[in-house]
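Questions regarding the structure given below will be posed in turn.
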Amino acid sequence: MVALLGGDGTDRIEALTDGVLAIVLTLLVLQFEVPDVDPSALPGALADQETLAVSYVLSFAIVGLYWTIHHNLFRDIVEHDRLLLWLNLGFLLSISFLPYPTEVLGTYGTTFAWVLYAVNLSLVGITLTAVWAYAAHAGFTSDRIDARLARLITIRGLISPATFALSIAVATVNLSLAYVVPALIAPLQLLWVRYYGRATEALER
Amino acid sequence: MVALLGGDGTDRIEALTDGVLAIVLTLLVLQFEVPDVDPSALPGALADQETLAVSYVLSFAIVGLYWTIHHNLFRDIVEHDRLLLWLNLGFLLSISFLPYPTEVLGTYGTTFAWVLYAVNLSLVGITLTAVWAYAAHAGFTSDRIDARLARLITIRGLISPATFALSIAVATVNLSLAYVVPALIAPLQLLWVRYYGRATEALER
Amino acid sequence: MVALLGGDGTDRIEALTDGVLAIVLTLLVLQFEVPDVDPSALPGALADQETLAVSYVLSFAIVGLYWTIHHNLFRDIVEHDRLLLWLNLGFLLSISFLPYPTEVLGTYGTTFAWVLYAVNLSLVGITLTAVWAYAAHAGFTSDRIDARLARLITIRGLISPATFALSIAVATVNLSLAYVVPALIAPLQLLWVRYYGRATEALER
Amino acid sequence: MVALLGGDGTDRIEALTDGVLAIVLTLLVLQFEVPDVDPSALPGALADQETLAVSYVLSFAIVGLYWTIHHNLFRDIVEHDRLLLWLNLGFLLSISFLPYPTEVLGTYGTTFAWVLYAVNLSLVGITLTAVWAYAAHAGFTSDRIDARLARLITIRGLISPATFALSIAVATVNLSLAYVVPALIAPLQLLWVRYYGRATEALER
């Protein structure tokens, strides 16, 4: 109530989150180090950074994905309490750690490095889903969200961590295949939209 | 008055603070350096970064704590003058220095490193409390804050620096114990809420 | 519709973009490393960083240019959907990669380094123009943008990538000349303003 | 006109500036490197970073000063055009370069390093004053600013670059003294306030 009177809403949560994600997106590039070679060997030396480039684009796309999800969720989270602040900080903790596993993966490219990376990304998805689930449970969501819709959105939030969990299993069998597993997120999300589309039509923008 | 007419309020103070805190939260990860070892030795090499990981999570949680406090205080600070800007810059100076003591602590883990770290964090708490105390004294707070409430909030602000001062004393006796002392902040805050709860009920979200 | 009712608009897209561009602008300075020489040799050692300084100022100016363009375009993009978010993330991906080619160019200064740099900058311009073209096509622009105006603005958006494409051709003949080609952007933009001035008069601030 | 109708104002200029300044404030700490010494030698090794600490606090205070000035100026700059965007980008270019001269100064501490640093800071002040002078000349300021007031504020803006110019002259004679010259900024600003106080009373918060 007071929060509403004060007109505060969730503006600063969104501002802090936008800030952290903007920095994470931009810090990812710092893992590239200018090679110290003869100028004629430069093209080859840069081509050797291919693994780094793959993990860079992958991490950028996934941080971007979580930003769009956060963006969409907070259009319907209109109030907050202290616990919600802390759950969101948990999300920020896990996502701001990402540049490190990204660099480890880009440098080593081993199964172990992938597991580390995928565990980190699962945690990102789980904490963000926890933010939503708590907000819905505590009644901080806008009027257009009813109990069923809240549950459906929670399920959608679990698509991404479940995909990364799956990629860990795949990595133990075939590492190259594991890199492709996150691409499942897009069709699974579309499947969700198609399946629950009518119920959530209003949210699809 | 002019400030109110100008419709300026404290938006840019909050924007600058959110920006600095977002960057501090994100820079903390830069202290991790990808170990240069044989791929098979990677898990062990990462496990050796345990001290770094502890100081990382601790600093993240404390910067997060100060962000929630700043967030709550500025919902009731509605005007400002030049001195308030500078007090807030003092807060930002002390908190943006934190990544350095964090890395020193994570690298050395000695009593001296803890003292440096705890002194830094005490200063963060003291400067933020000074921002509030000055705002209350200068009449920049919203109408729902009376003199008694302002004093109670000042007292709450001192919980965290007092805890870090205590941790310095503890560190001279037992360093491992000192790492746990900051965990006292949460119950002490709850105690404050319980004790002064009725007076400040309106603020507890 | 819902987006409009929700009052969401494009605020967070602009906030994320401002955040990323602010960080890119500021990270560019990190490529300068304090030389480790005798104090008396410091002036000479800093003078040797001339190539770095040129690529630094060039990149700063171009990121600044793209910020002003983004700023102007989003005054007329008033709605968005998921695809627009992703197109904007594509723009952010290409521009946040820029510090790396900038440092490569500042360190090597070869034709190959210029090609890399110019390709990166062409992509920045192409992705931002794609954001606009899609927004106009999807009807997310404000009422004062009609089909012809939207097309003219798309053409303006291609001035900068076309100039960088031209600079690649020039670089294969004369590298020093290639550095000067981006200076064509300003007069070409003015030419565009003069030529289409009447149609777009309302937009020119 | 269109800008006013569009309700755009100077929000994104302020957002970009807040972002850049927040990052500059926070990047300054990166110049500190954790010393690689025996744990028992850590206190001494940190004490050796005294010159770095001085240049760190000085730069932080000065960036803070420019932020408060920018903050105050843009409360009265209510419109903008393309040239104002670029003048503001010139201000951001000069201030985002500051971490480099700061680190050079902290590492070398020679007269030459001070000259570099003071030239950088003079440029920061000159570009920001140019933003204001142009805005006043182009009629982008709020109604409460008349021609005389605009001129007085321009004069105030020159206090800081003039002080740094003076510090260069002082540095050629006595370097230690040069570090103290910037402290003149505060009393000179107060003098300005006292002298022109009545005319600008309304602005002094």
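Letters A, B, C and D mark the chains in the order given here, with residues in each chain numbered from 1 onward.
FYI, a residue touches a chain if its C-beta (ideal position, glycine included) is under 8 Å from a C-beta of that chain, and two chains touch if they have at least 3 such contacts.
Chain-to-protein mapping (UniProt): A, B, C, D = TMEM175 family protein.
Everything quoted here is computed from the prediction, not taken from an experiment.
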Angle of the C-alpha superposing rotation, chain A to chain B, to the nearest 5 degrees: 90
Interface sides of chain C and chain D: same vs different residues, half threshold: different
Centroid comparison with chain C (C-alpha atoms), farthest chain: B
Euclidean distance of C-alpha centroids - chain B vs chain D, Å: 26
Between chain B and chain C, centroid-to-centroid distance (C-alpha), Å: 37
Residues within chain D bordering two or more other chains: 15, 19, 22-23, 27, 30
Sites on chain D touched by chain C in the complex: 2-3, 6, 8, 12, 15-16, 19-20, 22-24, 27, 30, 80-82, 85-86, 89, 92-93, 96-97, 99-100, 103-104, 107-108, 110, 112-113, 116
Contact set on chain B toward chain A in their complex: 14-15, 18-19, 21-23, 25-30, 32, 34, 39, 42-43, 46, 56-57, 60-61, 64, 67-68, 71, 75, 142, 202-205
